[in-house]
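Labels run A, B, C, D, E and F following the written order; every chain starts at residue 1.
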Amino acid sequence: MKKIVVFGEVLLRLSPPDYTRFGQATAFNIYYAGAEYNTAISLALLGLPVSFVTRLPDNDLSIAAVQQLKRYGVEGNNICYGGKRLGTYYLEQGAVMRGSKVIYDREHSSIAEIEPGLLDWKNILKDAGWFHCTGITPAVSQAAADETLTAVKMASELGLTVSIDLNYRSKLWQYGKHPKEVMPEIMKYCNVVLGDMNTVKTYFEIESAEQDKKDSYKDCMQQLKKMFPNLQHIIFSFRDTHSVTNNSIGAFNLNSDKLIESTVFNMQGMVDRLGGGDALMVGIIYGLNKFKDNPQKSIDFAVAAAALKSSIPGDTNFVTEDEILSLMQGNTSGKINR
Amino acid sequence: MKKIVVFGEVLLRLSPPDYTRFGQATAFNIYYAGAEYNTAISLALLGLPVSFVTRLPDNDLSIAAVQQLKRYGVEGNNICYGGKRLGTYYLEQGAVMRGSKVIYDREHSSIAEIEPGLLDWKNILKDAGWFHCTGITPAVSQAAADETLTAVKMASELGLTVSIDLNYRSKLWQYGKHPKEVMPEIMKYCNVVLGDMNTVKTYFEIESAEQDKKDSYKDCMQQLKKMFPNLQHIIFSFRDTHSVTNNSIGAFNLNSDKLIESTVFNMQGMVDRLGGGDALMVGIIYGLNKFKDNPQKSIDFAVAAAALKSSIPGDTNFVTEDEILSLMQGNTSGKINR
Amino acid sequence: MKKIVVFGEVLLRLSPPDYTRFGQATAFNIYYAGAEYNTAISLALLGLPVSFVTRLPDNDLSIAAVQQLKRYGVEGNNICYGGKRLGTYYLEQGAVMRGSKVIYDREHSSIAEIEPGLLDWKNILKDAGWFHCTGITPAVSQAAADETLTAVKMASELGLTVSIDLNYRSKLWQYGKHPKEVMPEIMKYCNVVLGDMNTVKTYFEIESAEQDKKDSYKDCMQQLKKMFPNLQHIIFSFRDTHSVTNNSIGAFNLNSDKLIESTVFNMQGMVDRLGGGDALMVGIIYGLNKFKDNPQKSIDFAVAAAALKSSIPGDTNFVTEDEILSLMQGNTSGKINR
Amino acid sequence: MKKIVVFGEVLLRLSPPDYTRFGQATAFNIYYAGAEYNTAISLALLGLPVSFVTRLPDNDLSIAAVQQLKRYGVEGNNICYGGKRLGTYYLEQGAVMRGSKVIYDREHSSIAEIEPGLLDWKNILKDAGWFHCTGITPAVSQAAADETLTAVKMASELGLTVSIDLNYRSKLWQYGKHPKEVMPEIMKYCNVVLGDMNTVKTYFEIESAEQDKKDSYKDCMQQLKKMFPNLQHIIFSFRDTHSVTNNSIGAFNLNSDKLIESTVFNMQGMVDRLGGGDALMVGIIYGLNKFKDNPQKSIDFAVAAAALKSSIPGDTNFVTEDEILSLMQGNTSGKINR
Amino acid sequence: MKKIVVFGEVLLRLSPPDYTRFGQATAFNIYYAGAEYNTAISLALLGLPVSFVTRLPDNDLSIAAVQQLKRYGVEGNNICYGGKRLGTYYLEQGAVMRGSKVIYDREHSSIAEIEPGLLDWKNILKDAGWFHCTGITPAVSQAAADETLTAVKMASELGLTVSIDLNYRSKLWQYGKHPKEVMPEIMKYCNVVLGDMNTVKTYFEIESAEQDKKDSYKDCMQQLKKMFPNLQHIIFSFRDTHSVTNNSIGAFNLNSDKLIESTVFNMQGMVDRLGGGDALMVGIIYGLNKFKDNPQKSIDFAVAAAALKSSIPGDTNFVTEDEILSLMQGNTSGKINR
Amino acid sequence: MKKIVVFGEVLLRLSPPDYTRFGQATAFNIYYAGAEYNTAISLALLGLPVSFVTRLPDNDLSIAAVQQLKRYGVEGNNICYGGKRLGTYYLEQGAVMRGSKVIYDREHSSIAEIEPGLLDWKNILKDAGWFHCTGITPAVSQAAADETLTAVKMASELGLTVSIDLNYRSKLWQYGKHPKEVMPEIMKYCNVVLGDMNTVKTYFEIESAEQDKKDSYKDCMQQLKKMFPNLQHIIFSFRDTHSVTNNSIGAFNLNSDKLIESTVFNMQGMVDRLGGGDALMVGIIYGLNKFKDNPQKSIDFAVAAAALKSSIPGDTNFVTEDEILSLMQGNTSGKINR
């Protein structure tokens, strides 16, 4: 299989332990994260060849982040070093009815201040078969949005499959542009998209008047397909948040004009809410490559992967194909094999 | 707004971490606590001017406890130093069907051995508008009961609103008096009371023959009002313990002769059971000052504050007004804002 | 009461903390464990006289394991030292829908390589009234199976009550024998057995065609009794795994020809799944000695003990008789006594 | 060998970790301690039969403390339960030039409020050959001083060897007596004493005008012998504190009229300063029993034990005879045997 | 005494624990720090009235930092909120011969992007008697340098004593200016300066050809005085780094034309190297206010304070006047008072 | 540069934290280790191309160990999976005068039970320029010794430089052979050797009658050269253990017939004693490749690398070339660059 190139930002996540609030904490747990970073590692853990592309400052935190990529088998030879800082975010984990809280400190990161030409996309993509990015990178800065556009254009030109996780982050988009002004142009070059109802409304003003849940999903997904004819696979996920640590997750896959609905998994006693969407995206890419003729299995695999993620501390989904398949086969109760 | 004077004991709480039992623990987590101490800090976090009054031994643990008061904006200029020890309690946290376990080690604390005149109440209360105490301090020792009575009398005489959280603790009351002999006299001077069915039976022999829950609450609350005519606001809380880490909390407010019932919040996956009542008391005081014309909002605010407390390690409710209001508006699922 | 001799393996359990996966862990929590070891300690905590018999290597880990036995009152004078290593297992705790994972590293342990004559059973058992073993020891090696047989024979000959927890572990039995070839011979000498449907099928090819749950249990238990006429007490437990941290546990007791069913306890928010069966076995031995005339109380006591175990980190059930009785009386909600 | 009865107080020691100050700590490390408790455990670890006698409150902390005794082989059958609390002390560990800091919270402990007759000394001591106590217990309260006197009298009457570690604690002796009024009477019944220059001056007004260190030690030790003719063995220790974590330790033994000087051990990078004296006392008792004909070996063994203690967190000296002997043979550099 | 206004940056310090390297760490210890922040807290702990002025982003980390100021008694009413981020630095602690390593991530902090007029200095300084700043703030950005100049000018105009800790940080000064272009103008308004030989060479091109250490210090200090006639007190510190955890610290005070040399303290087994200079600065300010007639005591007090700092984790010197005085009186060995 | 193939065992090291003894520990810190594993990672960190060859069981611990190799850039494609267990050792760290203690649990590891042919050495070594092994692998089992011999023979035949770290471990060699019977045959094929006086005596019965240290080293090194004519580079290291945490380290290099002596580094306050020799071996391999014409620089580089190791928790030397060079240039005091 040809390699998958993933482009995006590496984030340092710092979290107070044991449900303490920011003001109570005397230490932060460290996780290297970022939607695309999580995706790259998880794809590699499933055995796919992955190359991660980003820009990082030249310091020991970046080195640790890249070593973690290498640890899980992600190639990082095209990472470009320079700029001032590693994007950082602080996550206070919620409990009971207190929601999690995020403090972003990612402005002026090396990738936010990337300059055209630092990444030689033609060369980077030359042996690849797939390119993946998200809606987060274009939200960080004009430079990052421009770079994303450059990348998807080149990927498309070179005949790669281009996937995108739309991933709307309302706290970003601080550089003077509304997503409507940016995302449609990038979407033109995409073939696979993971989205949700709220995001397509924000990015593309797509909504549906249908009352029925499935009908309204189908309607929006079809509108999206009409708007961006290059799209071959459209997946919309949904998450029902019964409580802070009890969510359900599921997805729809628009397969030609048929709407395929995934198994919905209920996640009680969630250990870490973050990274579920990234895990789902990984499952989609994996499924489209491995279970081509079985769209139901593909979407179920993606959602099962996302469900497993909720059991793992940090943002990244450290699971194997076997574990995901086992969950899909109904092993949801965790009997110990001993 | 005039300042609120809170009187009571500071406790050092020591807890084995991670659901270990006392015999398994090799370290204790440290929390400075005490019903009135928690109340004072939480009131200050909501922006109210608060002064905390107690007696503490002159050592580094007391200094740490007082520094924590100052940290959150509570003034401690009238704390009196002397005596031998800081009241201490050991809390082993329960799980599944194993209940939490408390070892009290608070006899002979500085406040239990307070002497008349050490606290100059006339001076302490002179610029205050509100005085708050609980039924725990009179349970500690004759001296502490006497001091509480002295304080409420003076507060009443100076025209302050006097509030009390009845807070029955069966393991205290070891100094030879039954609460019946002590609490009625203190109650005479109180204007706002937080109680519950079990406590008013123990303290005042009030019970109801009504079958219906609301009717019996109303009956008892009305009896209490009749017994203590100075009472202007009577709130009774209730807690349904479905399991060790799954409780529901609610309250009734007797407003003139109308019984107002709060929203009932279900708290799944509770992180720390302690301090819920103190948080509720804070909400009552806040509501009576801030939402005077809206008793429903007042009582809902109080219960929402208590519900949030269950998500925070330790005894004290480190939350903001915004967080409580957000929960009241139905944001119970903890969607992350990012 | 005469002493209970428990024979089996001591295991060192190493577990990543806080739901981290093996690859994420930088430290392992240490628990000294083993089904029989857990049973011995828990019996001693209930006040029964217990002696533990095993073979251990002569190193500081063994010393720590034996000191823990002594700590809880288990006598270890007949432990025999020699051999190369302490059996070890690594347990990664599951969460949400991710199951727990066990890596066994117990081959070549001192007890697996025991030699005939190292343990002088006649002498060891001479003042005892009860002998307990499990189906795990015979699964470890031919030598351990032989030693178990030697022990039950001698115990039977000396007139002790012999109990066994069948405890099937599919990952063991690596030494060339199927349990069918080993367990029936041992069972001949047993008077009390704790089993379950899956295990009796594997060991003794016992199954039932009955549709109704109770009927099928009764059927299998009666077949077992017929097969092994020395059996006086047959208890079968069952565990329903609703999710990784939410199980229910219950048991049946075949009393003469009447099937007694225990209270079923639902364990939400389980802290540690391991050791539940061992705790149940302890309750059976205790009940048969203390509540002889009350088989319902006996079986309820056993299941309540098992339910409490799920709230305690590690494999061993550190609870008192009072705590078990309190749970049996319906105190499942963990109100704090303070 | 006949058993050694050790009498004294169990203390709960709580210490901030990693050189944090009291005000910085969010957890306390837990150590069960007390001079006599440490001594009892360490004697048992050396293989001597030891019984520990004290009075403890009936709670889970006491149970943990007694379980630790049992863990290391100390018999606790004569511990008497009752009273209100476990003596507690808080230790902030010093570093560089900042000294360690102690907060005592041991008033009103169960042993401080012991009553005559609770301990049946005649029975307790009936099979014993040795009785050990310290100058700390008489410093705690009049009742504890009285009990100590009762015990040494009975021990003496029954012909036991009585040893005492003089152990002056200036922060104790708060009950209205000066040690001069108490200790001489107790000393009358003692046969073995561990003291130091400062303590004998405080307790017995013994000092020397000699200039030379050895001469002045000999002088004081001889005065002590003259004052208490029952004394058979007099050992004085000294500690030179070069810095907070760099001390030297040594001792003198007055053997008939010859002064034997121990090897002096320099302890660089001390991990925990506490318990050195207790470890030394253990060495003396051990030496007098095991190396009777070799007073030099005895005193060197005692000092080596004390030196090893400084490497171990907590108050208790968890070392074996082999480890002490190895250090005496000059193995001070810690080459790893692998 | 009139209040001291301290102006500067709050930093979040994040450090791997237990001498791990950046790449090994899974958690960072959290310390709120910054030279001026440390100084403010430590002055308040010594009992002086202190107000801290800075600019902070409006988030929970800032709130925690300000709460810590309040905890120790520093008033923060003139802190201005706005801007994007809290300055951060990562500190990997060295050991043996491996030096500590700093990663600065403080660009674009709220104070670096301060704008003229946000701080109303006339009002801020109106009741103050002393103003303190350092050479770090002007090194951060042009805006911060300008604000510092504005502040010292106004302080000088209003007749306050102005002190500065020159504090050269070579990794800062990235905004296009050399310190020579900035610091002399600020120094014109200063009355008290803490410097060192390397810094005055960098800032003011002051060096000495004297061979003797004391002569060369005196020479440089006199040159500095000549250059800035407003200077009344000139203190130069020096630190000899024998090894990573073994430094010596001392200082010279130019008193009129007499050079006063402090006691030199050797700090073995340093726990945390950071904040020593800030602690020394605190001692100088304290000494000039409290020991006016005793310059030797003043400078010794300052150096003793700095020496104690090395024993405390974090950047801030949590010590009392008593502890500093005790060290000055030669109590360097940490005998425990118990 | 052609790749370096390193062959040996991966060990799981488990260590009680904070100087606790085995019996006190409730958790073990986890380090993946092994002399050859440490060497491989450290070589890769210095930028050399490294391939690690071993046999590992197929479980999650092995996966974590291999992921760590990949993290630091070591290629592991020729690792062979099979067998039963990962070699394990338990290390209790010493302090003051208490030495560190090792419990080996490495029998029956996958590599100890390797079988001929599992590793296809011809293929493994085909693109390599260097082969490295140690005297530990042949000490583990006959199979491992045989495999080592097979490997060095093939490496020699293919013209690779073969290096060996003699590394005598007295607790190994349990399989019935004395090192004298095994090591000489392997040595025949080696070109570079790291040894020490004690090891060459044990392995080859080489000793010297010379009194002078340098003379006796030279004598032994020359004897070794005579005995094994293929040796081109002979380095002997020495370690002086002043105390458990204060060692000095140095080495001699026999260059033709000239003895070159390294700088001797004194390591005060050592954080972790393990892995120093492995770090030194890395320096030798690096120096022979990078500083060919400068044997003094080579040997100093090696010793400086070893000295730095003592500051890092775990067995592996996580340092860069810059850090080693900086130490060689005399930067031993750890001034912070900030």
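Here, contacts are C-beta pairs under 8 Å (C-beta built on N, C-alpha and C of every residue); 3 or more make two chains touch, one makes a residue touch a chain.
This is a predicted model, so every value here is computed, not measured.
Trainee: Where the centre means the average of the CA atoms, what chain is farthest from chain C?
Mentor: E
Trainee: Comparing centres built from CA atoms, which chain ends up most distant from chain D?
Mentor: It is A.
Trainee: Over half shared or under half: which fits the residue numbers at the contact of copies chain B and chain C, same or different?
Mentor: Copies use mostly different positions to touch.
Trainee: More than half of D-E's contact pairs recur, by residue number, in one of C-F, C-D or A-C. Which one?
Mentor: Duplicate interface of D-E: A-C.
Trainee: Just give me the whole-number Å value for how far the CA centre of chain B lies from that of chain D.
Mentor: So the centroids are 45 Å from each other.
Trainee: In whole angstrom, what separates the CA-based centres of chain A and chain D?
Mentor: The computed centroid separation for chain A versus chain D comes out at 63 Å.
Trainee: Would you please write down the residue numbers of chain C that are in contact with two or more other chains?
Mentor: 17, 21, 23, 26, 67, 101, 269, in rising order.
Trainee: Spell out the part of chain A that touches chain F in their complex, as residue ranges.
Mentor: On the chain A side, the touching residues are 67-68, 70-73.
Trainee: Contact residues on chain F for chain E in the complex?
Mentor: Counting only chain F, the residues touching chain E are 17, 265, 267-271, 307-308, 310-314, 318-319, 323, 327, 331-338.
Trainee: Under the stated contact criterion, what part of chain B meets chain C in this complex?
Mentor: Answer in residue numbers: 18-21, 23-24, 89, 94-102, 104, 169-171, 241-246, 269, 273.
Trainee: Which residues, counting only chain C, touch chain F once they are in their complex?
Mentor: Touch residues, chain C against chain F: 14, 17, 21-23, 25-30, 59-61, 63-64, 67, 84-86, 88, 90, 92, 101, 103, 105, 107-108.
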